[in-house]
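Letters A, B, C, D and E mark the chains as written, and numbering starts fresh at 1 in each.
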Amino acid sequence: MVTKNVEDCFPFKDQPSVTWINIDGLHKVDIIEKIGEHFDLHPLVLEDILNISQRPKTEDFENYIYTVLKMFTYNKQENETNIEQVSIVIGSNFVISFQEKEGDIFDPVRDRIRFNKGHIRKMKSDYLAYSLIDTVVDNYFIVLEEIGEQIESVEDELSKNPDPEPETLQTIHGLKRDVLFLRKSIWPLREVINTLNRNESRLIYKTTQLFLKDVYDHVIQTIETLDTYREMLTSMLDLYLSSINNRMNEVMKVLTIIATVFIPLTFIAGIYGMNFEYMPELYWKWSYPILWMIMVSASLFMFAYFKKKKWL
Amino acid sequence: MVTKNVEDCFPFKDQPSVTWINIDGLHKVDIIEKIGEHFDLHPLVLEDILNISQRPKTEDFENYIYTVLKMFTYNKQENETNIEQVSIVIGSNFVISFQEKEGDIFDPVRDRIRFNKGHIRKMKSDYLAYSLIDTVVDNYFIVLEEIGEQIESVEDELSKNPDPEPETLQTIHGLKRDVLFLRKSIWPLREVINTLNRNESRLIYKTTQLFLKDVYDHVIQTIETLDTYREMLTSMLDLYLSSINNRMNEVMKVLTIIATVFIPLTFIAGIYGMNFEYMPELYWKWSYPILWMIMVSASLFMFAYFKKKKWL
Amino acid sequence: MVTKNVEDCFPFKDQPSVTWINIDGLHKVDIIEKIGEHFDLHPLVLEDILNISQRPKTEDFENYIYTVLKMFTYNKQENETNIEQVSIVIGSNFVISFQEKEGDIFDPVRDRIRFNKGHIRKMKSDYLAYSLIDTVVDNYFIVLEEIGEQIESVEDELSKNPDPEPETLQTIHGLKRDVLFLRKSIWPLREVINTLNRNESRLIYKTTQLFLKDVYDHVIQTIETLDTYREMLTSMLDLYLSSINNRMNEVMKVLTIIATVFIPLTFIAGIYGMNFEYMPELYWKWSYPILWMIMVSASLFMFAYFKKKKWL
Amino acid sequence: MVTKNVEDCFPFKDQPSVTWINIDGLHKVDIIEKIGEHFDLHPLVLEDILNISQRPKTEDFENYIYTVLKMFTYNKQENETNIEQVSIVIGSNFVISFQEKEGDIFDPVRDRIRFNKGHIRKMKSDYLAYSLIDTVVDNYFIVLEEIGEQIESVEDELSKNPDPEPETLQTIHGLKRDVLFLRKSIWPLREVINTLNRNESRLIYKTTQLFLKDVYDHVIQTIETLDTYREMLTSMLDLYLSSINNRMNEVMKVLTIIATVFIPLTFIAGIYGMNFEYMPELYWKWSYPILWMIMVSASLFMFAYFKKKKWL
Amino acid sequence: MVTKNVEDCFPFKDQPSVTWINIDGLHKVDIIEKIGEHFDLHPLVLEDILNISQRPKTEDFENYIYTVLKMFTYNKQENETNIEQVSIVIGSNFVISFQEKEGDIFDPVRDRIRFNKGHIRKMKSDYLAYSLIDTVVDNYFIVLEEIGEQIESVEDELSKNPDPEPETLQTIHGLKRDVLFLRKSIWPLREVINTLNRNESRLIYKTTQLFLKDVYDHVIQTIETLDTYREMLTSMLDLYLSSINNRMNEVMKVLTIIATVFIPLTFIAGIYGMNFEYMPELYWKWSYPILWMIMVSASLFMFAYFKKKKWL
């Protein structure tokens, strides 16, 4: 049921069935306050729901559990990752979720409810909350995969192209920043889910704990993948820097070979370009061809030397 | 009530209501000693209050709890961060706070007391102490935000400008030093608040613990943000260094191309500038145009070679 | 017994002897589902068996224990490491193992069963499971050894060749990526085996725990070796980078020596190549030999200077 | 009382008052052995007292506690840090301290005893031991301050001077080595004081534990400051390296500009220095001024190009 | 007693005195198997004794404790470190030690037994085992000292020689590899000795635990020293790299100065070397000396400029 009128949800509070209220958009402060009042939420909770720079955490208030998560959705068309804060309040017979913006990320959960799929209709509010958290965590993998693909494409470029573009540097740096940011947002989730699971709260049933353990494994996997990404990006930056150095080395060698071969030769040519009256060599018949021979053999010798030094 | 006469505060000690005494300036040693005597503070506590290079900590002395914090205030006008030590003594019906310098940072707390806002007048000394600590921690975010903005502006410059200024290096280094310093000052706060919260002291009530948990979350968030900043700054330093290397590579390529094209040509010109009597080429009619053709084609060949090597 | 018909295995479920069912290939979804149904496996387990990007873990479901591992096999002929996910379900009188692809890695275990070697026929399902895990872990050492040999050969090249090939850089980077990947896959195994061993499950007998402790030691040794490899590779990258820098330094010295010796000499030659009418030196008898003497002594002086500065 | 005769101290062993025996110099092996015998010290303790490369530690032997520390004293005149091992044996009514060399570091403690200042005469042997440890730890701050000043002066030089001296590199490296060494020596102290404090030994009274907690805070502060120093020195090394690279970039730009402007011009001059008989340009009237115009405009164009590329 | 016949040792098994059996050489598989049979060792233990790539560990088998260590001996004459695996089996009245090769490292223990020195004859098998472990750990310090001396000599060279040899790089890398390898081998010993000490086994008596605590301290000290060495080597590599960069900077400056001074002058000389018929300057009387004056003043100006830029 989609409603614009928040009071419509209130009768469900005291029904034995599980009610899920999903609020899109945190700008509707009055609605959130009404809900807070009706469902008897602590003022700190309402404050936290509205403050979108919250660190992921979970808190147990006897009658309900309050959980904040960061949701990442990757938008393929605009090639950007959106971040959104999701707050979930788990009561004994209700779940209230607060999304920053309107979105269809919870559609799979809705479908499962509508079409009566899986366990979701048979179980309690804790399983519904698990489904929501699971959906959020599943979206991490999509973002991770996207980053993984970008890392791979940069790595490909680095391994094929001995003279990488300066843009590659920006891409690596950008990816690193993204990984750091994701890690910072996902890291506290470990604790969040652990707390939910270890919780002696009567709101989390034993059957759901197994599923939460599964989400926990996924979060750990996400963090470990991010750590591996970070190390790979550091290693790629080193690779980039080494490639640049390698390339500069090559450039320097070319310069040095050219300079070392031609500067002395130019000097010799300069000598016999001088206008002294008394330069006996100038009037010898074979001076010119002999000089050519000397020059050619000198440069051949140079090339042999560079060959030996493996500069060529 | 603002008073210059410290004895004025003493009658409040035995009143049932909560009294807040705020001392501005640690140079008033005699006042601090009088208070210490009257409120029966341990000599070590008085020593710690006066020693402004104290590490943040909290200690439980049966009748009162002593807590030291570092306060950071960002002064927009002079673009500098001020650091100050704040000591808080929490008794059963009094809170004494010691600031290094006079300041208006606690004004929001004063306002809440005056205008009877929030819980603050209904609750005990522990809630007042929480309000003070919370105000200090809230100020961390302002400083953090300032640093974050500076990091972003440096990052912007680095990503737009392929040849960054040497001053950028100094800015990055300065920011890194600030982050290290902040981290060192804030890191022990985790323990401080944890100790307060875990404390079995009869001075911290259960209702306040929830609020302290909130402050704890903020401190953790601060530290994690600082850690992310640190990693970003390290990554930016790498980016800077790579940019410089990139740029040097570019410069070297230009030098090498110029030298490789013109040094051999200059040599050839030098050859025919020699004054030997017997140089047959000098007297041929087409020598000069042919030489030009050779030179032009040689340089075209060179450019093609550099093009192929992607130096151009 | 090799069978294509999965129902053939079902009668063994209720026999007192230990039955080992090995499934090659996860594409046979229907078979896996039939087994899941017959052996009463949790839906999450079946899902995990089929999802090949699972993180290694172990879970205790009263009647059976479910364990996922990553198996690495090194293919000498194609010089590549294959990764495969192995799931093991340990029941009281059966062990079901699921391999991604058909393979002969468990042949040693099969041989030991067939030829009645070792303890394997006398013991329970937990010992069989241990044998399978042990075989997987033993294969890690083969992969490690291969990487170790490659690291050594790169190190040899780096220490012998002062001017390492750019390919070496790619090799180091590739090895580092492999080590990171292996580490990420093996790291959770510590927990897996620890959980199995610490487990109060009635499925793991005390006699087997000693053997599992041995596997645990091997896993720790693997991880520590990988950590050492990682540090060695980082150190080798530094060595590579330093070698490149060293080499560039050498190249620069050669260039500088040549340029410093010949550029001034060429200038002097240029001076006396000028066509001014009034240049007294041009008409002196000894100008030319004296100039030669000056040039030779100047360059000798230069060489002495470079010698002193240890550039030669 | 200063005595050369170690037996003079023995009668004090059985007196109810607290006796402090301070041994200067570990070469007096016989004295140390006599004391060891009289005060019934374990052979391992005597061995540890004499072995000056001991790691800081504390051990509880029912009747006495044995503690080893490293003492650092900064000698301003010779600008060097001296390290010394201090062993302290705490008995129920005696404290024996062993210093490596004669020194006056414990003078403040002596003064407090003589002039009956502070708590020291009213309290037990554990408080005296605390006073000695506190004096040692206080000296760490003097050494830290010295290092801090040196770090600041190097930082100042780095930020002012864009072309730092090679000696700066040596200074940074030397400071880093000192910091590493100090950290290694002070790190175990955490454990030492923690052990003393957590100790259920009847020798440490509750009143002293508060003071030991204070020393513990100081040790933690020392270690954290050293860690910050270490990170700052690493950051400074990066800054130094970047400055050198920056500077080299500048140098390269100058070289490239000069070479790029003059090498082509020199080539052109070389062309018309050739002695071909048939070079029509040589006999045109305006060749020379036109050539000058071409050259000037070419170099102006070059400069504009470099300006655009921000090389100037 | 030295014997070639292993059965000679067997009668000692049931004697009340402590028997020490030392096996040199693991190739004598049959002897080891006989001993294993006679002393009732677990097959896994025998396997571990023979597998020389074992990770240090200790295991408690009710009747005996099995411990593996790595022994390092520094051979001064051949300047190399030998690694050897030592297995120790501690029974109630026997100790069996297995060395890889014949060696005299346990001679001090033998001497103490023979000459009845120290506690060794009065105590149980656990003290003998401690003596063996202690001897192994003491040898670590000799190897550490050797590495320390090499580090110091490299550091000396780096600080004296501004242009370090490329071999220095290899030495630093080699030392780093050695330190990594030692650390990997010694690190698990912490756990080994801790396990022995924490052990509730009836085989380790309380009197020996104090001695084992001493060995534990030595192991920790070894690891911390290795960590410090590692950091110092990393810092030295940075120092080396910075020195190379510094040196290259110097070289570049020389090149740039020479090129910047002489290339423009050579251009001017080239100008007046042109053979145009109409070049008025060529026929002026003072052209030549004026040109010289211009050249000299230009180069003086250049030098002043470089001086100002601190390139000289």
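Here is the rule we go by: contacts are C-beta pairs under 8 Å (C-beta built on N, C-alpha and C of every residue); 3 or more make two chains touch, one makes a residue touch a chain.
Quick caveat, the model's predicted, so the values are computed rather than measured.
Colleague: Which chains contact both subunit C and subunit D?
Modeller: Both-contact set = E.
Colleague: Mind listing the chains that sit against subunit A and also against subunit E?
Modeller: The shared contacts of subunit A and subunit E, listed by label, come to C.
Colleague: If you fit subunit A onto subunit C using the CA atoms, what's the rotation angle, as a multiple of 5 degrees?
Modeller: Going from subunit A to subunit C via C-alpha fit gives 70 degrees.
Colleague: Hey, how far is the Cα centre of subunit D from the one of subunit E, in Å?
Modeller: Centre separation, subunit D to subunit E: 24 Å.
Colleague: Can you give the whole-Å distance between the Cα centres of subunit B and subunit C?
Modeller: 38
Colleague: Two or more other chains in contact with one residue: find those residues in subunit D.
Modeller: Correct list: 241, 245, 248, 252, 255, 259, 263, 266, 270, 273-275, 279.
Colleague: Chains as vertices, touching pairs as edges: which of line, ring, star, complete or other describes this one?
Modeller: The chain contacts form a single closed ring, each chain touching exactly two others.
Colleague: Can you give me the ring order of the chains, beginning with subunit C and going next to subunit E?
Modeller: C, E, D, B, A
Colleague: Going by the contact rule set out above, which residues of subunit A touch subunit B in the complex?
Modeller: My answer: residues 42, 44, 55, 57, 59, 163, 166, 169-170, 173, 176-177, 180-181, 184, 187-188, 237, 240-241, 244-245, 247-248, 251-252, 254-255, 258-259, 262-263, 265-266, 269-270, 272-275, 279, 281-288, 291.
Colleague: Once bound in the complex, which stretches of subunit A touch subunit C?
Modeller: Of all residues in subunit A, those touching subunit C are 155, 159, 162, 210-211, 213-214, 217, 220-221, 224-225, 227-228, 231-232, 235-236, 238-239, 241-243, 245-246, 248-249, 252-253, 255-256, 259-260, 263-264, 266-267, 270-271, 273-279, 310-311.
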